[in-house]
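Read through the structures below before going on.
The two complexes that follow have subunit A in common; it is paired with subunit B in the first and with subunit C in the second.
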Partner chain A sequence: MNARFDWHARAIQIGFVVALIALWYYVGRSGLVSAIFLPQLPHVAGKFIQIVQSSTLYANLAVTLFELVVAVAIASSFGLTIGYLVGRSRYASLVFEPLLAGLFAIPLVVFLPLFILFFGIGVESKIAFGAAYAFFPIVLNTIGGISQVDPRFVTVARSMGANEHQLFRRVLLPAALPVIVTGLRIGCTIGFLAILGSEMIAGLRGLGSRIVTLAEGMNTAEMFAYIVFVIILAMILNVTLSNMQRRFGEAPRSA
Partner chain B sequence: MSEAIATAGARTSAVPARHPVFRRNPAAARLGIVVLAFVLWELAGHTILDPNFLSPPSAIIAAMPRVLGDPGVQRALEASFIELIVAFVLAVVAGVAIGLPIGLSGFTRRATLPLILLLYSIPQVTILPLFVLYFGIGAGSKIAFGVSHGIFPIILNVVAGVQSVEAAHLIAARSMGATRLQTIHRVVLPHMTPSLFTGLRLAMSGTLLGVLLAELYVSTGGIGYYTRIFADSFDPPATFTLVTMLALMAVALNETVRLAERRASFWRTHQR
Partner chain C sequence: MTRTAATDVSQDAITVANVSHAYARPDDGVVQTLSGVSLGVRKGELLCLIGPSGCGKSTLLNIVGGLVAPTAGEVRINGHPVHGPTPKEIAYVFQENTLFPWNTILDNIKVGLEFQGVPAAERQQRAREAIEAVGLADFANNYPHQLSGGMKQRASLARALSLQTDILLMDEPFAALDEQTRTYLGEELSVLLATTNKTIVLVTHSLSEAVFLADRVVVMTARPAEIKATIEVAAGHPREPKFTTSSEFAALRNELYTLLRDEIEKTVGGFVGKAAARDRERRAVAGATEVVKP
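Take a look at the complex of A and B:
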């Protein structure tokens, strides 16, 4: 609670991270662990500087980001439309919500072989897989957001003569937006993970495939550098999405 | 109140339901949609779909005895199931062991929780090759990867569960002379049951995801191996059979946890 305690906690956190990095540095230098298993820290740092200046990284980054953007675009256009149509009707929500939630409970990764069978090992299967994963949180949160709008608001707006467009623009959208934005945020995050995962399991291009290629070539130092890059990318994505969410009002906690 | 919502909902209904049976019973309509989807799939399978890619449900059911009769497939399913259970148990044990002390002490929580959240935010699929590097291509890497996916929901939910214990209950327990162990056993554990089970459910799907990802990534005779063989030899009924079995396994495990949850927290609903 008080400032002194938090300062202590912060010190322990920083100390832990520093200790971890120091351990990595000294274990690597001592030669206790083979460089194939744990490449030396300076070596990885050097590789990292090397890869951020290489065109290979940006080519793969472009593929992965393209897949992510297309997948999220597909998932949100389907998810928002279906979610809106279903969420507007209490009956349709009762019918479809458990159906969609039940489907989402099955780990979609079991269907990955089918995605590869249908869409090939190129960019298409990653987009389809990412879109399938991103679709569910978006549609479920849109249904949740629209259907939780207090029906009295709708009745009041109607009785004051609001037409369908005004009802959407002035009542439903503002009331449901925080929950919908949360869905979009979760959709983007797990879509990104799904795309990385499918690239790693069967892919030719993209950051995930690049990491696998390096792993198979036992080029561990460069692989570590790529992993660090992807982690930084994921953090940037997270921060961007949190900012987006904050902009549209603090959302109530929901899955 | 619920009546008011229902009428308002009916008035704004985009898709009016006409049939009285479906109107009264959404579950029946849901079942109808599922059946309809399978019928359409079956019809499409016989007409427009390329049998090399998508086979109709009847062909999948016909292929089941052949695929499931294969001793290799049986062994693969069994192996994956064991990997899953071992990973889940390890994740739960380790997660509770880490989560309890973090949740019980405010200082430990402030010091370590940000670190755990930081680790949790790492996209774990990217470090899958490291797991294979360290734990080999056998069951070890699958179990380890499953644990790494399952442990975080357990830790976070145990911490949240311990925090939800009312301070008055802790003070009461202490003032009646309970030792620390008794307090944990009698007050903290029963109180965190709901959030522990939320954690268990999330951990189960996380573990499943981790094990399956690792299986698909590299496998020598596990499920991943067979899905690859079936997909490469353009044998869709076999692929679908395997996928169906995995999906059923996932649903069964999820339902088991949910059932256990209902049994363990029955007193809570009675209380309210």
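Take a look at the complex of A and C:
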């Protein structure tokens, strides 16, 4: 990839987004689509400025972020621990990896009513649901990362006298880190999605719940403003996670 | 001067007593890799193990290093039985590059010292010395992938030397390198090791490497491996490159090849040998007049 190609690609990407926004602007102005379905761009922009100055947005944002942080923390603790224990044993990997991968393939959203029954309509069910979704990519990538560490590295470390702790800290963790960090990244993204979704389906507070409330009140312009805010939030999350992956997850170049 | 292991057991750094090894294959077959191998490695000598590919040389080395348990027999290091890795006594140089790709060369050596239990304060100094000994001082802060194959193996050697063990086990350390680099590193190794008085066991499949480096060469048979013969190389260390052109070198190399040839034929199935024999037969029948060299 040379710089010239990169520049072209970036120009096309920006052009695409600008064209999309322009299309929205002109379709709205033309009056072809009712403002209830597609509010006009300036109207949404005005609403956006309003909501970012309102305390309602920050109260809902705080709820959603709290749910996300707690869910990811729970999913990571379980996912990393179980993933390490399973990944260390060839037999356990053989048994549990397909089992967990199989469970991950089930659309957990069908169990959302159960989560609501068990944990209530408040933040607890959102945390549990988000954690359940985030857990799988984290545990699967941890198993994959740990079990795929080149056995020669383990042998060479043992030959030099490495104990279990040193083996983990100096060999298994750095060798598996790129794969594990990828799992954490996917876990965060999916967890965020699951939390927003569960808020929208059955929630009282949070960004997802707020968007549904606005939609039900036919308050489309403000709903679009919230959607724009969520998109920006997702972009920030993605960039943060990408940076984390670059920082910790650079693949060890095969030596 | 010839000594036999039997008369000098107390002097041996490594004693391999009647060691056998077998492993079960997934399809229920049992593969016997070593069959009753006994061997003494004298203190300060460089002993080469040579044999056909897959004969169990590396397994024997791993048993000596405590990385693999023998199914029968015993290994003693300085008189003590081996039951696992003994990092204070034995350091390894493995066949392929086993440097950690996520550490710099310097950190690779320091982490080895940490594993061995060297206090943190000493690690930097010892790692630096080892890197300088192998001539990689300028590459201390490079990552393994930034080094050539030969440099990586020198770094592996530095890691092993930094551990300051009396015994060094080397498992085909130069096998992955091209021939010129391998020859050159062999010469360097000979100079370096002449000054250290380490006991070294080197597994190789290079006849020249074995003769050039070894005090004794142990020839192993095809699987299950036994010791077929032991050849002494009398020349002192360090050996000059011109040693390789001496008639003594050529004679020893040929002797080794003769000993190995039958074993290699057993391993590869002797296809070429049989084909040549058939060919000769055919020509004889046809009454050909040309002389076929044996």
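Note that the second predicted complex is superposed on the first by the 229 of 255 C-alpha atoms of A that agree within 3 Å, B and C clash if a C-alpha of one lies under 4 Å from a C-alpha of the other, contacts with A are read in each partner's own complex, and residues count from 1 in each chain.
Definition applied: contacts are C-beta pairs under 8 Å (C-beta built on N, C-alpha and C of every residue); 3 or more make two chains touch, one makes a residue touch a chain.
For clarity, every value in this text was computed on a predicted model and none was experimentally measured.
Asker: What does the overlay on subunit A give for subunit B and subunit C, a clash or a fit?
Answerer: Superposition check on subunit A shows subunit B and subunit C fit without a clash.
Asker: Which partner does A:Val171 contact after superposing on A: first (subunit B), second (subunit C), both, neither?
Answerer: In the superposed model, A:Val171 contacts subunit C only, not subunit B.
Asker: Tell me the contact category for A:Thr155 with respect to subunit B and subunit C: first, second, both or neither.
Answerer: both
Asker: Quick one: subunit B or subunit C, who's touching more of subunit A?
Answerer: B
Asker: Would you check which partner chain A:Pro107 touches, where first means subunit B only, second means subunit C only, and both and neither mean what they say?
Answerer: Once the two structures are laid over each other on A, A:Pro107 reaches subunit B alone.
Asker: Touching A:Leu23 in the superposition: subunit B (first), subunit C (second), both, neither?
Answerer: In the superposition, A:Leu23 touches no partner, neither subunit B nor subunit C.
Asker: Classify the contacts of A:Arg88 with the two partner chains as first (subunit B alone), second (subunit C alone), both, or neither.
Answerer: first
Asker: Report, in whole Å, the shortest distance between any C-alpha atom of subunit B and any C-alpha atom of subunit C after the two complexes are superposed.
Answerer: Distance of closest C-alpha approach: 7 Å.
Asker: For subunit A, which residues belong to both interfaces, subunit B and subunit C?
Answerer: Residues 152, 155 of subunit A touch both subunit B and subunit C.
Asker: In their complex, what parts of subunit A are in touch with subunit C?
Answerer: Per the touch definition, subunit A meets subunit C at residues 152-153, 155-162, 166, 170-171, 174-175, 177, 252-255.
Asker: Applying the document's contact rule, which stretches of subunit A touch subunit B when the two form their complex?
Answerer: Residues in contact with subunit B: 5-6, 8-9, 12-13, 16-17, 36-37, 85, 88-96, 98-99, 105-107, 109-114, 116-118, 147, 151-152, 154-155, 192-193, 196-197, 200-201, 207-208, 211-212, 214-215, 220, 223, 226-227, 230-231, 234-235, 238.
Asker: Enumerate the contact residues on subunit C facing subunit A in the complex.
Answerer: Of all residues in subunit C, those touching subunit A are 65, 67, 85, 87-88, 90-92, 94, 96-103, 111-112, 114-117, 143-145, 152, 163.
Asker: If you look only at subunit B, which of its residues touch subunit A in the complex?
Answerer: Per the touch definition, subunit B meets subunit A at residues 4-6, 8-10, 12-15, 17, 23, 26, 29-30, 33-34, 53-54, 107, 110-112, 114-115, 121-123, 125-130, 132-134, 205, 208-209, 212-213, 216-217, 227-228, 230-231, 236, 239-240, 242-243, 246-247, 250-251, 254.
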